[in-house]
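Labels run A, B, C and D following the written order; every chain starts at residue 1.
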Amino acid sequence: MNAANVDAMYQEIILDHYKNPHGAGLREPFEAEVHHVNPTCGDEITLRVHLDGGRVADVSYAAEGCSISQASASVMNELLVGKSVEEGLQTLTVFQELMQGRGQVEPDEDVLEDGIAFAGVAQFPARVKCALLAWMAWKDAVAQASAEEDS
Amino acid sequence: MNAANVDAMYQEIILDHYKNPHGAGLREPFEAEVHHVNPTCGDEITLRVHLDGGRVADVSYAAEGCSISQASASVMNELLVGKSVEEGLQTLTVFQELMQGRGQVEPDEDVLEDGIAFAGVAQFPARVKCALLAWMAWKDAVAQASAEEDS
Amino acid sequence: MAGHDVEAVRKDFPILTRTLAGDRPLVYLDSANTSQKPRQVVEAMERHYLEHNANVARAMHQLGAEASAAFEAGRDKVAQFIGAPRRDEVVFTKNASEALNLVARVLGDDGRVSAGDEVVVTTMEHHSNLVPWQLLTQRTGADLRWFDVTDEGRLDLDSHTLTERTKVVAVTWVSNMLGTINPVEEIVRRAHEVGALVVVDASQAVPQFPVDVAALGADFVAFTGHKMVGPTGIGVLWGRYDLLAELPPFLGGGEMIETVSMDSTTFAAPPHRFEAGTPPIAQSVGLGAAVDYLSRIGMDQVAAHEQRITAYALDVLRELPGVSIVGPKEPVDRGGAISFTVDGVHPHDVAQLLDSQGVAVRAGHHCAKPLHARFGVQSTTRASFYLYTTEAEIDALGAAIRHTQSYFGAR
Amino acid sequence: MAGHDVEAVRKDFPILTRTLAGDRPLVYLDSANTSQKPRQVVEAMERHYLEHNANVARAMHQLGAEASAAFEAGRDKVAQFIGAPRRDEVVFTKNASEALNLVARVLGDDGRVSAGDEVVVTTMEHHSNLVPWQLLTQRTGADLRWFDVTDEGRLDLDSHTLTERTKVVAVTWVSNMLGTINPVEEIVRRAHEVGALVVVDASQAVPQFPVDVAALGADFVAFTGHKMVGPTGIGVLWGRYDLLAELPPFLGGGEMIETVSMDSTTFAAPPHRFEAGTPPIAQSVGLGAAVDYLSRIGMDQVAAHEQRITAYALDVLRELPGVSIVGPKEPVDRGGAISFTVDGVHPHDVAQLLDSQGVAVRAGHHCAKPLHARFGVQSTTRASFYLYTTEAEIDALGAAIRHTQSYFGAR
């Protein structure tokens, strides 16, 4: 957690996503909207998913939070839109493993693309929740939207 | 609080009063009856006072407790019955000072008579409440009975 | 497995080498009241305060991360120690009493106990597992009922019948007065048959034998740090996660919220929902160290030692004329607390005389007044044992009782 | 009187000599979250555990007498420290949050707050002095109202009018976010005029300046041990004795009773009525040592030092371009917590970068979400000071903020 580690956390990629978030904003249509909060620090996200026959057609969001949580939402949008829900959930699992690995997990660039930049965050337990906020919101929203579709 | 001190607490006088309590039992008439409990150890006393024109005509009681609390009720009965309420309250003050003096107060035999035997108890903070239980009950009962008389 | 080395254990407890007034060595037979603490536990807290102290959860700095990790490690250790399926089923409270009150309050607030319902306890309960239920039933208009005990001090499960009206059965696992170990599994079975929740007061159980809350099958289990070689100021409520997740909060404040506005508030998931304000941080570190200490010795060993010492003490006490044991006289389904009376000497006077010989026991109602009433005594003297208790100390107890008898008899 | 010797004080706090990752010395600016502990406090608890440990009140043996005396001495010291007219007005809780919840619960249970009544707080409250009142008003059907704050972060006493309907006014003495010191005496005057009770959250006050509860005139005052160089696991509720004596219990259990039967129970007098179960014994010893420590330095000195350091820090922060202080910018009626934002950098990122320089601050909503909403920010970064804080540490804060700005600006 020294200066070097901070640089490992604040990768160029993360700061770029933070400054130019991908897919930010709330859009129509959507099947589910959720609001998630990180109670420790107050970071918040409102997130909508639009599914189209088992594919993630859109993930739109309004997020308020630190660079890590914002960049994570942006990277997630890039990764998930266009994928099948199933692939998306697999990606989430891989990302979650990376984040909860305390810096011991080697990131898989084929699956996570820009998401590998978060490897450094995994060394900061207090910030892992920031990186996962958007993903957990998406998981929740997808579950709701799928239940909707099925019924 | 060594063996010597225990002997100081369990004075012959105290054990005598314990074995042959003075004025024990609940009697009529009475103007007030109270029930006091030492919550720490469970010692209990039910106590009645009968006043007669500013004099303590009778103090009757049913007590359940250790040798100290029982002997104290017995000594108190001896000391108070026949005295004026005012004298009784003064005696109580003197006794209380002795008990709360942590063994530093010289007992006044003229006022306390057999009560001076409790000087040793004052060295045992946990037992002071035992020695005071009956006295506090009497104080309470007298207050109630006097209020009664006045009204 | 090697036997339990009491002498080695005693070296970890500096207080046991103390001498008291009259140069008498301390014979500490009051562990059911509170246990002594080994150096390891005290030093873990000292190190925490002097090297890693910070507030938890809220802090992002390095000290905060260290303190949070240490605090949550205490929770992990406790969860593992009691076989909790999930770490977030372990709620830290200030003591067992708060844990039990927490359950009683939120069941009422949630409407799970209301007018016409029945809450069932036993006459063997410590006040801390009785008064909260009295207050709950008074607040809600529910009825309080109880299982009675037999003359030998066993729970009489025929003395009350659970029905569909029964919403909660709250029972102690081990009586702190009688030493009786209750058939908690059987009670759980009967309670669940009628759909009642089971709250187990394990304050005297968790310190003394291996506990597996998952195997037990109860809904809530409460215990307290200071009786298991841990610090004061921390207790534990274990609860089934799905149940905790449905229940409303107990205390409101920092760290138990999800989001707050002036008008409305949503609450965090368990366990944090039930941990308002700054938690017992150093105490969790201490309790974690306590659990490590007990685990290193092995709870099987602790239990076996307690069985041995209790059997020995029952033998010694039974042979003393004029001494009557209140509670089971055989070392069967029985923990290491023995309450007794001495003919002609009030329990306080017994305790005082024993103390003058260096023998520390408790006298009084042991926070179990109804149980004393049941046995027709106002108070008793209680000797209780733990992993550091020796047979020599039991012999000292016997000798001190004889001294007491002659002291009061001779004068 | 000699001035406050910060360097001498720092020697008592071993943690302040720690170095963190990257060999950076610790700059601890998070004392409003929790204070560090001097050796004297930690050692007092250590000695207690290893030499005098026993349960209190219930035990008649010598260790029990020692432990009880030590525990009750903690109460005496706290009572004297805050100018309590009676020692039995000091109730020990687990933290300030429990103290505040205790009052809210028992006022509701007692029917002193019921449907149609009004409870008044402020938008400046810590969640621990807001959520308990939200829960109370929800349970009872009473209304929750509040005083707002001005743009400078001062309480706007004209924003709400107290009436006969107002039963309770609950207000923080010092805001943990803004640092504002509120005119509590004036609030007490207005509240008592309409017959309302006043509950003061003094969590940030008692650690920082001399407090005299008798002079203050409030009905209840709550604070917490860990913010005043004391241990975690202990808080204090001071209450007027006559009021405490009228109120029903909060938690039921051991030590808070007078007598118990299965059907009915009567309760002990204050403070014990409100202290169910084994109390925070070692923590009272620690808090007593903390109070001794602060008294030896002198609360006047502590307050003067805080004023000096806060003024210095306000100067440093005001001069940094792109840094905005949220709360009073002048060191007038102001405690030593300064919340601020840095243009273009999220508070968590600020805190993280400061931490990488060894500077420990807090970022987030500081358990004051409504107040952040009031100022249109989701979170802030907060630096807070105590008797061991030096001007060099404030300079380090300034330098670390500049580093943060260039780090995020340059990349």
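Structure notes:
Quick note on the criterion: a contact is a pair of C-beta atoms (placed from the backbone, for glycine too) under 8 Å apart; a residue touches a chain by one contact, two chains touch by 3 or more.
Quick caveat: nothing in here was measured; it's all calculated off a predicted structure.
Averaged Cα coordinates give chain A a centre that lies 76 Å from the centre of chain B.
For the pair chain B and chain D, the distance between mean C-alpha positions equals 45 Å.
Centroid to centroid, with C-alpha atoms defining each point, chain B and chain C lie 37 Å apart. Annotation for chain B: residues 1, 40-42, 44, 124, 127 touch two or more other chains.
Contacts with at least two other chains are made by residues 20-21, 58-60, 62, 64, 255, 257, 259, 348, 352, 355, 363-364, 369 of chain C. The touch graph of the protein chains shown belongs to none of the named shapes.
The chain pairs satisfying the stated touch condition come to A-C, A-D, B-C, B-D, C-D. Put simply, chain B touches chain D in their complex at residues 1, 37, 39-42, 44, 124-127.
Across the complex, chain C meets chain B through its residues 20-24, 346-349, 352-353, 355-357, 363-365, 369, 372, 378-379, 407-408, 411.
Contact residues on chain A toward chain D in their complex (touch as defined above): 1-6, 9-10, 12, 15, 40-44, 64-68, 70, 124, 127, 130. Contacts from chain D toward chain C in the complex involve residues 14-15, 18, 20-21, 26, 28, 30, 33-34, 36-37, 39, 41-43, 45-46, 49-55, 58-64, 93-98, 100-101, 104, 109, 123, 126-132, 134-135, 139, 144, 146, 224, 226, 231-235, 249, 251-257, 259-265, 276-283, 348, 351-352, 354-355, 359-364, 366-367, 369-370, 373. On the side of chain C, the complex with chain A involves touching residues 57-60, 62, 64-65, 68-69, 255, 257-259, 268, 272.
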